[in-house]
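What follows is a pair of complexes built around chain A, which joins chain B in one and chain C in the other.
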Partner chain A sequence: MPMYGDLGNKLVQHAKRTQNLQHLPAYQTELVRSVAREVRDLDREVASLLEPFQDSFDPAAEQATACTLLVNHMSMRRNKRCLLAYHRTRTDKLEELVWSGSDLLDLAGQQAGPGAANSMNGPGDSNSSSSLSPQEEDYVRQYGDLLAAYKGHWTDIDLTGSLEPPRDLFIDVRVLKDAGEIQTEYGAINLTKNSQFYVRQGDVERLIAQGYLQKLG
Partner chain B sequence: MSYYDIDSILTDAEKIPCTFQLDVPELGYLDNNPGQTLKAGARVALPLWLAELLAITSAGGSDDQTKSYVAFDLPPALRNDVVQALKAEPLAVPLRDQSAHFYSLATHMMDLSEEPELSTTLRKTFVKRAAEIALHARKLGGGAGKGDEGSNLGVGGAGEEFLRGLDEWERRLFRKAHDGTKAGKEWMEKIKKY
Partner chain C sequence: MDIDDILREVDPTLHEVPQEKRDLQDLTRAWVAERSAPELLNWPSGELFERINDNIKRQIERVEEMTGDMDPKTNFALIVIQTELERFKYLVRSYLRARLAKIDRHALHYLSTDELRARLSDMELAYATRHQALLHNHYLSSFLSSFPPALQNLNDTAGNIAMVDLPDLESAVFIRLLADSMVSGRGVDTDNTFEFQESDIVILRWSDAKPLIESGRAELV
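Right, the complex of A and B next:
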């Protein structure tokens, strides 16, 4: 027997699963919409229950109605909490992703199939829509801007850089995705897929974090 | 227990048996009878988020003593036979089968009603099980470098059985103990290298 709050619970179960995942699963547009609809239905019911009383409702005299109102109110509050917690779990995850340097493009690509990052044009991605809602995409963009502005205060330290002290100044890398040409102290390098380079670690750290390059050895 | 805490929200979805104390015409759907009156005395399993407030809000009876909308009982997970089994041997009870959020459900229930004996039993249960959890976590974390694959090393079938029966809180404890041991070991090895 479905009852009020069941859909919200489903949403929270999604959030629970999200917590243990590396990537961000697709946004539950339908479910979110249904929960919001449920809240509106409940609100309408409350309004129609209260209508005959004209602002003179006495809970002690109308116990049964008061009880119904309380149940409806609690259901709405429950749904609100579920909705907020679901979105909060996702934004937490998004912030984490922004800090770790994944860019929005990657996030959109993830939805086709986590782990299949190199089959961007595979047959499975006919519906290559993002796993983020439009609002979340906006959030990521603005949060990224904020982070960039914050980092701008310190030019000599990279806040999102690796905390591991480098063992070697130069490393071998393999190119996983075409990344175009980059400029280094030692001239330009053209990063085409499957090629290998011996480069200065500091020059390519971000590209490694973004998944364009793979560190070897 | 924050407002946004997922586990706390899931705990609130656990159902507890309630008995309605008055007729409510509009709430028949709670007892599978939409459109019918929910009669006083009807027994319905309500999620905690709903039952809690219905139980502590007084209906404001004008005449006699104030009564609440519903009376509630302890949920099946805290049945007497479960508690007795915990008293006898805490390690032998798979708490997860009772409820995935066993402890937080129990603490919630104890907020609602005084259960001094239950509280003592649960405290003893946790202490005894926590020691066992720590033991398993150390065994796995200290074993083969790769954490989760180590589960078939050193731990017998009984251990796995026990670990499967952990509730959500205990699982977190296990994971922390496990990760801690592992990180400590990695750190020690790194020190040796330099």
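Right, the complex of A and C next:
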């Protein structure tokens, strides 16, 4: 018979593994459900253990029962912490991805191809092979909105921009994928694959982050 | 302390520093401090960020005005201004992101008391509150709602372990003294107090360094 807490432990191991992964592994729907069920079972057991005493439970007189109750209570709380840790690790990861400007399709680990530049993907995205739970997809959408709202206060500073201190105003870039024409203050540049340009870093930062361009040197 | 501070000491008439320059110094200081302190520091008072935002806007407009000009001299000036602008923006960005990272990590802690909430700017407060609500909602819809009601809180203190995680106030920081002062620090075995002089650099626990920083007798490096 599996011990109390075994399932929770599994979740934490999943979370630990997630921390070191580039992508987000599939959401453990079944496991999460079982751990939550374990908590409910424990709670029911506690209630049924306490029932005969009718609010007059004396731990000193009934040490065996008191011990069972204690263990049950601890197991419930432990399970809760495991669940919280698991979800928090995943949301941290999701937030990271939102910051870096990935869209939901990328998050779900589908085609690596970049979709639209905005991070919203339309509400109709209910792909069954997604590695996110529906709740997590909601979360990503709402966090994206929240982030956009916060960024709205700092329109002149691209908050999601590079956190490396800027060294040069202009950089060499190579075009990895056709990105069409972009407007810069020195005129339009047509970004065709395998061409190379000397451009202002601020103009192309997004394109580098999205994988269209590669910074050289 | 930088070259201007030194110059000012030599020649006190130099202390007419333009506001823009002061702001940049303040920003740089706040940025360095925020990145090395283990807990969230106070949002700078005195409308520093309003002024900085205005400056950035002004410079962007300036750049746009000058862009049409093909004169090589203007062109060079343009590059200087743009480089400076990029650096300025980087400072602000890095500063805000450092704060957000701290807020995200210990959101419940910073939202727990009025004193701590006062450290956040209005925007950050709105962000933190909303973010926490989102998280709680996410937990609720994912699993918490199927729990017994007594277990649905996020701030249990059962078993003497609080669920609200706190920043580690005992981690080590480097500080540079801005004035001669006595520095006392708590060690593992013994506590010590030493007399240090201006511009000495000391490593000690943040909880010991905090009063010195707040009184302006030291800065974080």
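Keep in mind that, in the parts below, the second predicted complex is superposed on the first by the 143 of 217 C-alpha atoms of A that agree within 3 Å, B and C clash if a C-alpha of one lies under 4 Å from a C-alpha of the other, contacts with A are read in each partner's own complex, and residues count from 1 in each chain.
Note that in this section a residue touches a chain if its C-beta (ideal position, glycine included) is under 8 Å from a C-beta of that chain, and two chains touch if they have at least 3 such contacts.
Everything numeric in this text was worked out from a predicted model, so none of it was measured.
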Partner chain in contact with A:Val12 - chain B first, chain C second, else both or neither: first
Residues of chain A touched, compared between chain B and chain C (which is higher): C
Which of chain B and chain C A:Met74 touches, first, second, both or neither: both
Which of chain B and chain C A:Val35 touches, first, second, both or neither: second
Touched partner set for A:Leu49, first chain B, second chain C, both or neither: first
Contacts of A:Leu84 with chain B and chain C, given as first, second, both or neither: both
First, second, both or neither for A:Gln63, with chain B first and chain C second: first
Set intersection of chain A contacts, chain C complex versus chain B complex: 74, 81, 84, 88
Partner chain A, residues of chain B touching it in the complex: 3-7, 9-10, 12-13, 22-27, 29-30, 32, 47, 49-50, 53-54, 57, 59-62, 69
Interfacial residue positions of chain C with respect to chain A in the complex: 53, 56-57, 60, 64, 67, 79, 82-83, 86-87, 89-90, 92-94, 96-97, 100, 104, 123, 126-127, 130-131, 134-135, 138-139, 141-144, 146-148, 151, 154, 156, 158-159, 163
Chain A - residues contacting chain C, complex: 32-33, 35-37, 39-40, 43, 73-74, 76-77, 80-81, 83-84, 87-88, 91, 95, 133, 135-136, 138-139, 142-143, 146, 149-150, 153-154, 156-159, 161-163, 165-166, 169, 185, 200-202
In the complex with chain B, residue positions of chain A that touch it: 1, 3, 5, 9, 12-13, 15-16, 19, 49, 59-61, 63-68, 70-71, 74-75, 78, 81-82, 84-85, 88-89
